[in-house]
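You will see two complexes here that share subunit A, one where it goes with subunit B and one where it goes with subunit C.
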Partner chain A sequence: MAPWLATGLIYASALALAAGGITLLYMSTRTFNFAHASMATIGFYVIYTGSVLGGGTPYRYFPLAFLIGGLLGVICYYGLNRPLLKRRAVEITLMMSTLGYDLILLSVIQMYCDYLTFSRRLFPRRVSMSIYDFELLGVSAATIILPLVAIVFLTALHLFLVKTRFGVAMRATIENPVLAGASGINADRVYMLAWVIGGGMAALGGAAMSMAITGTPVLGMNSIPFMFAGAIFGGLHSLYGGILGGFVIGMTEYAGVFYLSQIFGPWVLGYRMGIPLLLMAATLLIFPRGLAGIPWAALVRNLFGKKGGIRV
Partner chain B sequence: MKSQSTQRNLKSLLLNSEILAVVAILMALTFFLTTRGLPMVLTILVDFAVFAIITMSLNLETGFTGIPQFGRVLAVIAGAFAVGAIPGRLLAALMGLPAGLNYTIDTVQFQVSPELTAALSGSWMLSLLFLFICLVIAALSGAGIGWLTSRPAIRLREAYLGISLLAFGDFLMWVGHNWVPLVGGSTSVFVPDPFRIFGGARFEAVVIAIFLAALLVYAYLNRLTVSPFGRALKMVRDNEVSASAAGKDIVKIRTQSLVIGSMLAAIAGGLYVIYTGTVTAMGYSRLVWTFWPWAFMMLGGIGSTAGMLLGVMVLTIMRTLITVYRFEVFGFLMAWGINPLWLEFTLMGAVIIGVILFLPHGLVPEKVQSILPASRVNSILSKGFGAKLQ
Partner chain C sequence: MKKKLLAFFMFSLIVAAFAGSGCPRRAAPAPGPTEHTVVALLPLTGALTTFGENSSKVAELAAADVNEWLTKNNKNWRMNLVIDDCATDPPTGLRKMTSWHGEGARFFVGPMSSGVAREVLAFAGANSILYASPSSTAPGLAMEGDWLFRFCPSDAIQGPAIARLIQEAGVEHLIFVWRGDTWGDGLQKATADALANTAVQIYPELVRYDPGLEAFTVQAALLNDYVGDLVRKGVSVDKIGIAIIAFEEIAPFFTAANAHPRLRQLAWFGSDGTAFSAALIGDPTASRFAIDTKFASTKARPEALVAQSNYERVAQHVYQELGRVTDSYSFNTYDIVWSFARAIDEVGYDSAKVKEILPRVADEWSRTYGASGHVVLNAAGDRAFADYNILVVNDKLVWENVGYFDSRADLIKWTRPIY
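This part shows the complex of A and B:
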């Protein structure tokens, strides 16, 4: 497998997870979660700390990263999001409140890095997680495991939403909160669960991303435009759209930069972040509401010959 | 009866957050002046002035027009990069020094920049002209980027627009970081210093100049926002449908607001670059130049220009307090090797959250202004409209 394709697959899977989390939170609570940035970074530091201090492969710590991300999501929900939702705050206020949370988490991350540097004699500010990886079937394990992790996780999420009572309640609340409330569904618990899953997906995404790119305290901060781009590209009104959007944005960056650098030379590498952004801008200019204008979910359903069901 | 109302007035005066904030600011400034001396106060003032202009421009776009401007850094970058790249080249070309694409390479910079500053420090005329050209170039590039951002701003709504602006702000920073001829890529470009002519008083002079610029912007925005144009902005913000029904061209108003706001922010970026004397592309992150102005704006009270000044000042002083007392007060963190300066981020985050939860309208809530003075309304009511009602 070509190196760009291998790294691109990991990166795109990571973005798919993160963008899916953003979409889920936006659909359920109308909140554009800026804190996704620091939650992703924390996911990375969980697997880093685990691999360095606990030993073993980084993959052992992915469930822990998910749990910690979920915990951060719950804190954000009860401390911040819930009071604001009760007050019927506007979208921008909800967005700004998560920015405040993000800045606090960022300072915690930076302090934690200082602590690791000083007290543990580690170098946590520039980490290449791939050195903790092993080889599998002739390629680095991350290339196989991480897309698998993403697929398994997203399948589980899909099954949860479609097959379980709580999943159905969740979709009902997203679709129509008033009607769902009238039929006895506790919206509060649904939102909390959305934050658990959304935060967990952010942390998983960050952890996976650190296997592809250099891990720094601003890993999430630097990549949050792409997570948003993925979510917007996917249309913000369909969870599967968001996941697909994240994957497409991630793959476009790697494929685009690879082919463009073959044509124009290596200087293109510096402008790599322009490629997904142009893709997002082009999408938005043609469809000002993202790809939601196109019934992606229906298209995918038709593709597999499935009909009906509630669109998530 | 009268004493009761005076008492109530006094009570409301004491509880008035604006007055309390002003008193606290004055006390803090006096405290800094007595314990740390004048340079400390001047540093606070110049930080305050630069961010005040940026925050006021943000408030014009977000607070008055309702555009979610998450790309404030775009306009600041436009001003800073333009002042870093163009006026120095012009001067170098005039003096017959290298002014082409290689102007920004660091070896050339170290050779050219001292000569340029030496030339400026010889002549008042040239210094003033140079400063003027810098500001004009910053304003023009800011207006240009404002017009460019207004194109998507017409089509996109709310969060979509905010995220797009944020992403392109990042992209512009990376362009500056990678394209050396612009502002030197990963190295810095020196800006010839038009204030060098003041000699030893250079720092004081530049602080006073930037502070005056901030006051000018304040006066201008205060006039602008009570003008018919300012009322049109608020109308678009509050209800686009009713604004267009009243014959307001929404596209034009949003564009004008973005162009003016970006122009002001770019001037602030240009002034900051002249003050520091260098431009480094990576210094223009969205954290400092977009998110912090947002925090200042939310503390000050969205939609009130005077509130911006208070918000910026209060937070600038708090940041300075952390920097000054990082060892005395927060020294316990050093035991774990933690740099107390990260508390600045904690402070900003806590301020944003605290303001949203407990002080949603900020220190100076926006005042509801009637479009006509009360006397006019009464006279109209008594003449025609009111008479019919009676």
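This part shows the complex of A and C:
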């Protein structure tokens, strides 16, 4: 497998997890979570600290990253989001409150990096996590393991939402909170769980991302535009759309830019960040509800000559 | 009731705050020396982290030495050194400078990168802020009359040093890859210009990348394609070289390049942005790649040590604090702090007056005490002369000095030939 494709696959899987988390939190609590950035960075620092101080491969620490991300989500929910939701805060207020939380987390990250630098004599501000990786079937293990982690996690999430009582209650609350409340579903618990899963997905995404790009204290901050782009591209009203959107944006950033630079020359590389965003903008112009709003079945029918028409 | 209580509490808090802040103003000024603020605006995060950390420790040492000297000589002022992070990011650097200027600061040590130095240039000029960079080398910033001093030489000298190194390696076809910022653009141009009348041919496709980039698989794949193109045209691999002008993103770049065996067979050339990179040494794959490709980086060579040089003290201090060998720019940081101190002591905390006398003060002070050697600044406020050390990563994963470029003679004097 070409190295750029392998990196693209890891990065896209990471972005799918992170973007899915953003969509989940938006659907459940109307909150664009800016703290996703630092939660992702903390996910990276969990696996970095584990690998350096605890030993073993970074994958051992992925569950811990998820748990810590979930804990940060709970803190955000009870400390900020819940009180604001109770006061019926508008979306912009909810969003800005998470930005404040993100800045606090960023400061904590910087303090932690200072501790690692000055007390542990480590070099935590620029880390290539790939050095802790190993080879599997002739490629870096991350190329195989991380897409698998993403698939397994997202399948488990799907089964949870579809097959368990709490999952069904969660979907019901997301779709119609008033009706769900009237049916005796505890919306508070549902929202709290959404923050656990959303925060966990951010941390998991950040941990996975650091296997493809350099880990820095601003890893999440630099990637947050793409996380949001993935969520919006996929469609903010569909969890699966958000996940798919993240994956497509991630792959475009690598595969798309690589192909374009081969055709038009290396100057295209300067527009690396613009190309996936351009794709997102173009798609939203045609399909305003994102990937999830595309009538795939009708598209396929039309493609094979059956009449039906496409409604956007 | 609850709301009333809260309102009363808030009101009391505001009254207390105003009352508290008013008290000291009414009281007589406290006796003791005046504090003058000098801000060290350094890249503690971002692509120049190693250099920023080194220089922050050196700036602290210099400020402590300055204050000890001021105390010993019964001076009526003390230096208040503040260290802040510009994140190797131009907008962040400007925001921080604006903020500190609002607090009354007029003297800045740093920023270290030319990109940040350029970003703050207009603001500094408009507000009479004097700043001195230990490491900004972009030729485009060599301007007379501005408020920027640079205690390092311009890349107008480093470009020919890298060009000479490339010729010494026997390279006939060179591929350029560089970070697309003020510094990278300037040094790439200076190197390309120096190669213009030589036998070295520059590959027509130029790989200029976004300075914020953290993954380089696409760039590495393109370089591999270009090398493949040259090989198909009959060029021998040992005649192909790659000049990379980067900061500490060199480590992930080499990790990405390592996936292409052909790129491991070429000679790679770096610059002062990569020499002494702790990130490179700390990455086993990248450091192995650097050893295999004889990755040679240039770095301004400290001048001959002066009589009471602080060179060893500075080096030992950084080693004790951070457990690593410091870089040559950190010695410039020491001299900047001291030059500011001596100048402020002479004419007061007045940036316009200090600007006038700084070259003379730096020249006089560094003749005896300078950590980086004797500091002579030219008309543009940049260090006037420079030779460049050639640094490679050796098998013990240590940056080793294997020779130096003599700028006056335009040749490399090897202590351990590597080609």
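The working rule: the second predicted complex is superposed on the first by the 286 of 312 C-alpha atoms of A that agree within 3 Å, B and C clash if a C-alpha of one lies under 4 Å from a C-alpha of the other, contacts with A are read in each partner's own complex, and residues count from 1 in each chain.
Everything that follows uses one rule, which is that a residue touches a chain if its C-beta (ideal position, glycine included) is under 8 Å from a C-beta of that chain, and two chains touch if they have at least 3 such contacts.
As the structure is a computational prediction, the values presented were derived from the model and not from experiment.
Asks: Answer with clash or fit: subunit B and subunit C placed together on subunit A by superposition.
Replies: clash
Asks: Once chain A of both complexes is superposed, is A:101 in touch with subunit B (first), subunit C (second), both, or neither?
Replies: first
Asks: On subunit A, which partner's contacts cover more residues, subunit B's or subunit C's?
Replies: After superposition, B is the partner touching more of subunit A.
Asks: With both complexes superposed on chain A, which partner does A:119 reach: first (subunit B), second (subunit C), both or neither?
Replies: It touches subunit B, and subunit C stays clear.
Asks: Under the stated touch criterion, which partner chain does A:110 make contact with: subunit B (first), subunit C (second), both, or neither?
Replies: In the superposition, A:110 contacts both subunit B and subunit C.
Asks: Is A:221 in contact with subunit B, with subunit C, with both, or with neither (first, second, both, neither)?
Replies: first
Asks: By the touch definition at the top of the document, which applies to A:270: first (subunit B), second (subunit C), both, or neither?
Replies: So A:270 meets both subunit B and subunit C here.
Asks: Which one of 279-287, 297-305, 351-359 or 369-377 is the stretch of subunit B that crashes into subunit C?
Replies: 279-287
Asks: Which residues would you name on subunit A as touching subunit B in one complex and subunit C in the other?
Replies: 110, 117-118, 222, 267, 270, 273
Asks: Taking the complex as given, what residues does subunit C use to touch subunit A?
Replies: 44-47, 49-50, 53, 87, 180, 205-210, 212-215, 217-222, 225, 248-249, 251-252, 255-256, 259-260, 278-279, 282-286, 321-323
Asks: Touching subunit B in the complex: which residues of subunit A?
Replies: Going by the criterion above, the answer is residues 26, 32, 80, 83-84, 89, 91-93, 95-97, 99-108, 110-111, 114-115, 117-119, 221-222, 225, 228-229, 232, 267, 270-271, 273-274, 277, 280-281, 284-285, 288-290.
Asks: Looking at the complex, which residues from subunit B come into contact with subunit A?
Replies: Subunit B residues touching subunit A: 68, 152, 155-160, 162-164, 166-168, 170-171, 174-175, 177-179, 287, 291, 294-295, 298, 333, 336-339, 342-346, 348-353, 356-357, 360.
Asks: Can you tell me which positions in subunit A touch subunit C when the two form their complex?
Replies: Those residues of subunit A that touch subunit C are 2-4, 6-8, 11, 110, 113, 117-118, 121, 123, 125-126, 128, 130-131, 212-214, 216-219, 222, 254, 257-258, 261-262, 265-267, 269-270, 272-273.
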